Amino acid sequence: MNISSKIIEQHGLKPDEFVSIKKLLKREPNLLELGIFSAMWNEHCSYKSSRKHLKNLPTKGKQVIQGPGENAGVIDIGDDDAIIFKIESHNHPSYIEPYQGAATGVGGILRDVFTMGARPIALLNSIHFGEPKHFKTKSLLNGVVSGIGGYGNCIGIPTVAGETKFNKTYNENILVNAMAVGHAKKDRIFYSKAKGINKSVVYVGSKTGRDGIHGASMASAEFDENTEEKKPTVQVGDPFTEKLLMEACLELMKDNSIISIQDMGAAGLTSSSVEMASKGGLGIELNLEKVPCREENMTPYEMMLSESQERMLIILEDGKEKHAKEIFNKWDLDFNIIGKTTNTNMLTLKFNNKIEGEIPIEALASKAPIYDRKWVKKKITKKNINLKTYKKVGIKESLIKILSSANHSDKSWITNQYDQMVMCDTVQKSGADAAIIRIHGKDKAIAVSVDSSANYCKSHPLTGGKQIVCENWRNLISVGARPIAITNCLNFGNPENSEIMGEFAECLIGIKEACEFLNYPVVSGNVSFYNGTNKKNISPTPVIGGVGLISNFKKKISHLLKKENSAILLVGKTFGHLGQSVFLEEVYSINEGKPPEVNMLNEKNNGETVLEIIKNDLVNSVHDVSNGGLLVSLAEMSINSGYGIKINKPKKLTNLIEYFFGEDQGRYVLEIDNDNLEKVDKILKNNNIFYENIGFTQKEFFEIKDEMKINIIELSKINNQWYNNF
Amino acid sequence: MNSSVIVFPGSNCDRDIAVALKKMQFKNQMIWHKETKLPKSDLIVIPGGFSYGDYLRSGAIAGKSNIINEVIKAANNGCLVLGICNGFQILTETGLLKGVLLRNENLKFINKDVNVKVMNNETRFTKKYKKNQILKINIAHNEGNYFTSQNHLKELHDKNLISFKYCNDKGNIDEESNPNGSLENIAGIFNAKKNILGMMPHPERMIDSLISNSDGINLFSSLLN
Amino acid sequence: MKFSITVTLKKDVLDPQGKVVQNTLQNLGMNNLKSVRQGKYFEIEINDQDVKKAEKKIDDMCKKLLANLIIEDYKIKKI
Amino acid sequence: MKFSITVTLKKDVLDPQGKVVQNTLQNLGMNNLKSVRQGKYFEIEINDQDVKKAEKKIDDMCKKLLANLIIEDYKIKKI
C-alpha cells in the first residue's frame, strides 16, 4: 500500500516526522509500521513536547524507591512496606462517553499500580466540568461519577478522596484524572524492563477487540467538527475481568516466575512490547496469530493498535509457562505465549510465519522526536483589587453565596456513590483535607489528597504551580501526616501554541521550586495536552496527588471540631489577598488580579510546626485555609462537626471582606483545648510563627461577634442545596 | 466454631469478613467456588462484592455455581448461613431466602452509614443485641431494594422473620430513613427456620471503633454460642 | 439460528428503572407519556438444525438463568 | 399506543455481560452456543393519536436518553 500524505495526516504524523521515519527505517514504512510509529510517536506516548521540561523536576529523595519512568512511582514507608502510586488523565474519552471514559480511566490507572506488584488500596479522582448551567454539565457529571464508582465499587477498591470543580473553561473539554495507590512489599516490586533472550512473551487478560483503535492518537489531537466520526473508538470497561486479572497477577507475583510485566494501556500491544524491549535493550518478536481475538478476521494492524482493556504482557522465566497458565486458567482468563525476546533490537511482527513489519526498537523509543517548543513568559498582572469599585456586599450574604455554589457545596452526593469502606482500612473518608488509609494489619497509615487551582495557574502559572504543591502538602499536614512524595497530572491546551507552552513550562518551574523546597519529590505523573476545542484552550490545570505517612493512625486528626469552648487559633499571617479568589468568582463573577504569593519559607515553617503540635497531642482539630479563605474554612469545620464557632472581628482596622475571604497561603486553623494554649503558644513562638487567637467553639451557632449569626443546621442546608436539587 | 467463607470470582468483601471472623475467634477457611465439597462448618458466610460482576442480575450467576449446591444442602440440614450484601442477593437467587433485591430506587450505588433497628433478637444471629436496639452500619450496594410477595410479607410478620429495618437515629422507621426503597424498610430477613440470615448492611465493616464503630461485633458473638 | 429474548418485570413488581426513565423523559419535555417499563434483551445464536429443539433449549436457558421467574416474564422469538 | 424498544451494543463493542452469561450457560451444559449479546428493552405507552408523530417522539427519546448512540443501536416497534 502506498502511504499518501492523507494517510500520514490521519495518523497524526507531521510531514517532517514522516521523513524521519523513512530515515530511521531506511525505507518507506508499510501501513502496519506507520500505525505503530503513529502510536509511539504521538504526544501521549512519546512526551515529545513535555520531556524537556519534565526533566527538571526533582525526582529523588531518601524515601524514593522508583521515580518517573516506570508504570508508577514507588516510595518507602518504612519496615518492608512500599507505596506505589500514579495519576492519569482520561479527559477526551470521558467527554465523548462519560460513563465508560471515566470507568476505563480508573481501570487503566489500577493496572499501572498492580503491574508493579502492589495491591491497590485507594482510588482518588480529580474531575473538572463546565459551568453548572451549561447544558451538558449535569449529564457529564452524572456519567463520570457513576463510571468512577461503577469500576471502583465492582473491583472492590475504596474511592476515598478527590476534587470536583466547575468552570466554563471546561465547557467543551472536561477533565477526568484518576489516581490509584497500592501497597507492596519492598522486595517484591515488579518492573517493565525485559531481561534475557528467548524468553516467553505472554499475553494475559481479556481478548483483543477492535476497540480504541487510534485512541492514543485521539488523545493527542484537538477536538473539531469531525470528533463525531472518531466516536466508535470508545472502549467499554469490564471491572469484573480486571478484578480477576488483578488477583491472578498478584498470585503469580508470589514466586519468581516473572522477569518483567507491563499493562497494555494506551497503544496497547505496541507500546507494552516496545517499552519492555527498549528498557531491556533487547528485541521482541510477536506471532500475531497467537493473539487472543474477540472478533473474526482481525488484522495485524488492528491487533497492534487495539486498546481493548484489561490486558497484560508478561515476560516469564524459563520453565514457568505451565505454572503461570494454571493460575490464569483458574481465574478464567486468556493466556497465550505470543512471542519471545530476541537479541536483534528489532520489533518483529509475524502473522502465520510471514513477517508483516519490522522496526528498530530505538526508532520507536529513544529516537522518537523531542521538541523544544517555543514558549513565552506570562507577565504578572499589575492590577490590584479595589473593593471600593464594586457593589458593597455583606459577610453573611457572601458566605451563603459561596457555600451554596456548585464548587463549594458538600460533595456527599458524589462520595455516597463510591464504596469508601471496602477493604476495611479507611480511617478517614472523603470530606476531610486528606483521606487516611491504614496499612492492613499495622498501626501506620498513609494520607492522600489531590489538588489543583486552575484560576491561579491561569493568572500566573509559576505562582500557581508552586501554590498547588503547597496546598496539597498542607492538606496532608492537616490530617497529621508527614508528606513524602507526589504524582502529577498536567492538563493543558495545545502545546503548539507558545502561550500554552509557556503556561506549561512555567507551571513546571513553580512545581519544581515548591517540591525542592519542601523536599517533596515527584515520583510519577502524566501529561495531557490538546485539551480544548477549535483553538479555545482550557485554563492550565496541573493536578497534584500527594502521599504522606502517619506512623500511628490512632493519632490521626481531622477538621471536625471536637467540643465546646475550645480556642480557635489562626496560624499564619492574613493580608487579605483577594486576587483570583473564590470570593470574587462567586460573589462578583469575576476572575481578576494575581494569585496569592507563596512564601516557601513560611509555608514550610508553618506546616512543620503544625505537625509538631499534632504529634504532641495538643490539638483537637486542624483545617488548612485554602479556597474561600478563613470564613469558608471555619464554616466547613462547623458544618461537618455540628459544633458552632464564635469569632471576634480582627482588632486592627482591616477590611472584613479581605480578612475573612482573602486567600493568603500557608495558613491553618487549629482548635485547641484551653489547657493546652500555653504549650501551643510556646511551640509557635519558638518557631517564630505569627498566629491569632480568633475565637472559640460553642453550641449550634456559627457567629462573628457583632456581625453575623447563623444556625449550623441552616448553614448545612445551604451547603447541600446545589446537589440536592440535582 | 468452624466457619467457611465462599469466594466467588468478583467477591470483594471476602477478606474483610475473614478478618472479622478471625478477630472473633472463629476457625475460618476460604472456599473457592469451584470446589464441590464443603468442609464441616457451623457457619457458612457468603460475602459481599460483585460476584461475576453482578452481570445479568446481582447474585444470579453465583447462584448457579458448583459450591452453591453444597451450601443449599448444608442449609437444609440446619447449618447456619449468613449472606451479606451480595451474599443476600445470592441467597435470594438460590431460593434459600424468598423475595428479591431490586435496583435502588434512585438507581445509584449507595455507600453510607445508616441506622438499622434490631427487629428480632431471639435468633442465633442476633441474641446478643437488645430488641429494638439501633445500630449504625455501613451499606454499599446498587441493588438493595427488597421486594417480596404479599403472602411472603405476611409470613415474615407472622413468624417474626424480619431481622433488621432501616430507621432514623431515633428509631423511627419511615420513608426518609429508607435508603433504597426497600419494602417496609426491610434491611435483612431470616428463613422460616431462622438458620439463614440475609442482610444488606455490612456488619464486618463495624468491628473496630478506631475505623468505624463496633456495632457489628454482637452479630458475630451471637453466633459463637 | 438466532433468537431474541425479552425479559420484563411482572406487572405487579415495582420497576425503579422504568420509573426513573419516565420521570427523566418527562423532565426532558416529553408529554403524554403513560408508562415506561424497562427490561432486558438478549440475542442468542445457536448452532442447531432443529427449530423445535433449539426453541426448547432457549426456553431452558430462560428458566434456568436469564429470567428470575419470581419477578420476571420472558418472551422468545426466532429472528 | 404502545411501543417496544430494544437497545443493543454496536457490533464491535465489548459486551462484558453477554460474555459472562455465555460462559455461564456453557458451564450449565448448554452446548452449541455461538454467541450471546445482552441489551436493554423498554415498553413505552403514550397517549398520542397520530402514529407517525408518536413514532417520531419515541425516536427522539431513544436519541436523547434511552440509547447511548456512541456504543449502542436501537430498534423501535409498535406493539
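When the chains are written out, they are named A, B, C and D in that same order, and each has its own residue count from 1.
Keep this in mind: a contact is a pair of C-beta atoms (placed from the backbone, for glycine too) under 8 Å apart; a residue touches a chain by one contact, two chains touch by 3 or more.
Owing to the predicted nature of the structure, the values given are computational and were not obtained by experimental measurement.
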Between the pairs A-B and B-D, the one where more C-beta pairs touch: A-B
Whole-Å gap between the CA centroids of subunit A and subunit B: 36
Where subunit B and subunit D are represented by their mean Cα positions, the distance between them in whole Å: 33
Geometric centre distance via CA averages, subunit C-subunit A, whole Å: 41
For subunit B paired with subunit C, centre-to-centre distance based on mean C-alpha positions, whole Å: 29
Junction residues of subunit C - those touching two or more other chains: 40, 64-66
Residues of subunit A whose C-beta touches two or more other chains: 238, 240-241, 332
Junction residues of subunit B, two or more chains touched: 52-53, 55-56, 61, 64
Category of the chain touch graph - line, ring, star, complete, other: other
Complex contact set, residues of subunit C against subunit D: 4, 6-8, 18, 21, 24-25, 28, 30, 32-48, 57, 60-61, 64-66
Residues of subunit A defined as touching subunit D within the complex: 96-97, 99-100, 206, 209-211, 231-232, 234-238, 240-241, 294-295, 308-309, 332
Partner subunit B, residues of subunit D touching it in the complex: 16-17, 20-21, 24, 27-28, 38
Residues of subunit B that touch subunit D when the two form their complex: 52-53, 55-56, 61, 64
Subunit A to subunit B touching residues, read off their complex: 146, 149-150, 153-156, 238-241, 243-244, 331-332, 412, 415-427, 438, 553-554
